[in-house]
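Data block below; observations after.
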Amino acid sequence: MERNQDVVVKVEDLHVNFYNNDRCNKVLRGVSFELKKGKIMCIVGESGCGKSVTANSIMGLLPDLSRIEKGSITFHYQGEDIRIDRLKRKGKEMRKLRGEGMAMIFQDPMTALNPVFTVGYQINEALLYHNGASSRKDATKKSIQLLKEMGIPLPKQRVKEYPHQFSGGMSQRAMIAMAMSCRPKVLIADEPTTALDVTIQAQIFELMLDLKETNDTAILLITHDMGVVAELADDVAVMYMGNIVESGDARAVLTRPSHPYTKALLDSIPVLGRGREQKLEPIKGSTPDPYNRPAGCQFAPRCAYATPECETGMPPESMVEEGHMCRCFHHLRKKEGEAND
Amino acid sequence: MSSLDRKMDKILAREEAGQIKKRMKNRALRKMFANRLSVAGIIIFVVILFMCCAAPLFTPYDATKVDLRSILQPPSAEHILGTDKIGRDIWARILFGGRVSIAVGLGSALIATVLGVSLGTIAGYKGGWLDGIVMKVSEIMMAFPQMILVLILVTITGQSLWNLIFIFSLTGWPSMYRMARSQMLSLREQEYVQALKAFGIGGMRIAFKHILPNAIGPIFVNITLSTAMFILQEAALSFLGLGVPLEVATWGNILNVAQDLTILKQAWWIWLPTGIAVTLFVISINFIGDGLRDATDPSQIG
Amino acid sequence: MTNYVIRKILSLIPMMLVLSFLIYLGIELMPGDAVDFLIPPDALSTMSETQLNEMRESLGLNDPFMVRYVKWLGGVLHGDFGYSLQSGVPVATLMKNHLPATIELTVTALIFSSIFGILFGVISALKKGSILDQMLSVVGMIGVAIPQFLLGLICINAFALHLNLLPVGGRMASMDQNFFERLPYLIMPALVLGFSLTSGVMRYARGSMLDSMGKDYMKTARAKGIPEWRLNLLHGLRAALTPVVVLIGFRLPMLIGGAVVIEEVFQWPGIGALFVDSVRAQNTPLVMMIGFFSVLLVLISSIIVDIVTAALDPRIKLS
């Protein structure tokens, strides 16, 4: 198997099931993608489509009542290929990777920090457990430096404060400081700005772009906001009900969307400046019940181009162009037609 | 880990075969019956309640019948649980005593609930001076350790069955009042209440008809908790000889004789089965209460 | 903090005034002559009717009710709590003699149940669903459902009457014996008294711990890659502790109420046993004063709980 030198994490045909309430929910149904050094990869999709589960699988943070059924997650770290899907989720090896090799930040920074410890203490912990600092004193010094890097004013004083004394934006900066403390190869951001104000959002993204440049970190950004994708992403994957339906270079996917779902997503976004006249096309219907999924293409019931063929099975992957993948029968038919002409 | 894996395989296989369990429509009831402990609680509760209510069906003896020819007899075919110091049948006393103990516990809890909830609903909805006064009174009463307040009131009123019910109801209402009041305070500002007001519906009607039903879950949970507490307190008071007068059979009064060390050591049949009956009954009430709390708590997934 | 404590204590004054009024009302409503408990009973027996009348006049017993109340309150504030009707001993002396035993008993029970309740609750939460967890919850359910005195009786029967390991009851005065000689007398009553609180704390600590373990910050901490034990004990337990401490504070009145019964069961010469005796003998002044002090104790402990909570949780400010 030849490997691109830049690939840090490779996810292949990942299947994950959740087993809550005596029911089985097939959350991920064959997800494949690659994270590359110094690149931002965005996963977009509606809530419940499995984007957070994908992120948690990579971090080994899946809940107890869930299981990786099939597929692999390979993490290229310190010259070795580590199969994350085979590691024990709470085992020592996985623990060493978390925080050191890869780190994660979450949606709501206000609840993601433990309210009873100071921000400094929580950053120190990460440093001390991955030999990032020799002593508590050293750790505190480094924490202050990190907070400063993340653009937090008065870091010397802030390091001694509790999370409730931080604003949302500040908390998220502190979270990023914590995540970056051991200079991980991969940073996973699970909707990092959803809970924040728009102006703060821009600042946080600025910070992430900066991190990408200076540390060569591979960033996996999970979002439901197409605007964010256009702004930040190098690569993008569009998810719907546990499948990646379209993926590839961000510019290619955004300018030449091939999957009806991607098109619909792009059509449903208002564009600032186009005024009242613009026609917004909301996607009709709603996401199906995960326990009662459509038999074939998951999007078929909501798709304007659906044919009986779409109900036979999930369409295979086909290339729209170099590095731009799409899973859609409609697209396949169109391509065949073009070839026949 | 492997047992978890096996369980997951089982669910997966069932799911793939298309067998899904039918679910009960009412969410609260479904959760209640899914909780095995609360079902066990309901069964024990009903069985004990029925046996006490229909006591004559289960024993030929009377709870107060003295038989000096057969005193302190160990369990035998004639007396299943033996007899006490003056020859009364213990089994009969447990059954008939249960009637009084349960009546005191449940009755006081119900009176306290009616009292506390109506005060809480009215005062909580209206607010103002009435609420202020009732709140202060409840604060003072709740500052006392319950047991001490009960004993103080026993000193003032003297001992009798009705006094005890009166005292329990009097000491039990503040917690119900607080609960109902806090529900009122949080719900009366809601928009649907504003809408009802705009329709010109009377205040008390809104309070009792449209707001109170929202608190039905916590109210029932509170009734179970109070019932359990009062039954335990009646037992403790009667054990001290300060509860129901000794000539009335109650669970506490049967246990009273165990203060005598020779009876404690030699006549286990007098106090142990009675103690088990009390404990079992209180456990069953607690199970029901726990089940109710989980079932009516909308924040828990079911 | 001192500021807070002072303000809190000041805010208790109106309540204590109302309470003292009710207590005095209770004493006055008692059948019988008020002189009976205002002067030592031995002096009472030697007095004639006219002397008594003069006494009433000089003691102010013929004054209006409110004046009498204010005088009584003045006495209470100076430590004059009246006399016991049974023995004629000043209430203050009785309290002083019985208080150490009660403090010894309740504080031991409190420490015992806090430590073991939290310990078992946390173990239960960490091993959720295991056999140990199920066993602990069964014990916990029995603990809150069994009448305390019954548990006391069972223990006396087993450990004292049949196994002869521990004394049936009673207490040794602290001046006579050293700690280890007195310990056997303390073990059973303290454990029995603490058992129901232990069960309550255990059940609550388990729930609070499970709650804390499901929080977002636990995921953050796990994503940091810190060891599982540190994750649970430090991040989980530390945040779960505050509600448990509040619960212990709330349950303190029940511990005091329980002490009343347990002291009677084990013949423990504390305030609780004294209280039961006075209730039996309709010794109203003593009953009322003990009631008064129990409320004071509850209110003071609620202030302590506030302070401890604020120390545990940086989000809570004392105000």
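Note that the chains take the letters A, B and C in the order they are written out, and that residue 1 is the start of every chain.
Criterion: a contact is a pair of C-beta atoms (placed from the backbone, for glycine too) under 8 Å apart; a residue touches a chain by one contact, two chains touch by 3 or more.
Computed from a predicted model, the values in this text were never measured in an experiment.
Viewed as a contact network, the protein chains are fully connected, with every chain touching every other.
Across B-C and A-C, it is B-C that has more C-beta pairs touching.
Chain centres here are Cα averages; for subunit A and subunit B they lie 52 Å apart. Annotation: 24 Å between the Cα-based centres of subunit B and subunit C. Rounded to whole angstrom, the centroid-to-centroid distance between subunit A and subunit C, based on C-alpha atoms, equals 55 Å.
Those residues of subunit A lying in contact with subunit B across their complex are 17, 19, 21-24, 64-65, 67, 291. On subunit C, the positions that touch subunit A within their shared complex are 215-217, 219-228, 235, 238-239, 242, 312-315. Listing the residues of subunit B that touch subunit C in their complex gives 136, 139-140, 143-149, 151-152, 154-156, 228, 232, 235-236, 239-242, 255, 258-259, 261, 264-265, 268, 271-272, 275, 278-279, 282-283, 286-287. On subunit B, the positions that touch subunit A within their shared complex are 4-5, 7-8, 11-12, 14-15, 20-21, 301.
Only residues 59, 61, 90, 95-100, 103-104, 106, 108, 111-117, 122, 125-126, 129-130, 162, 164, 175, 178-179 of subunit A touch subunit C when the two sit together in their complex.
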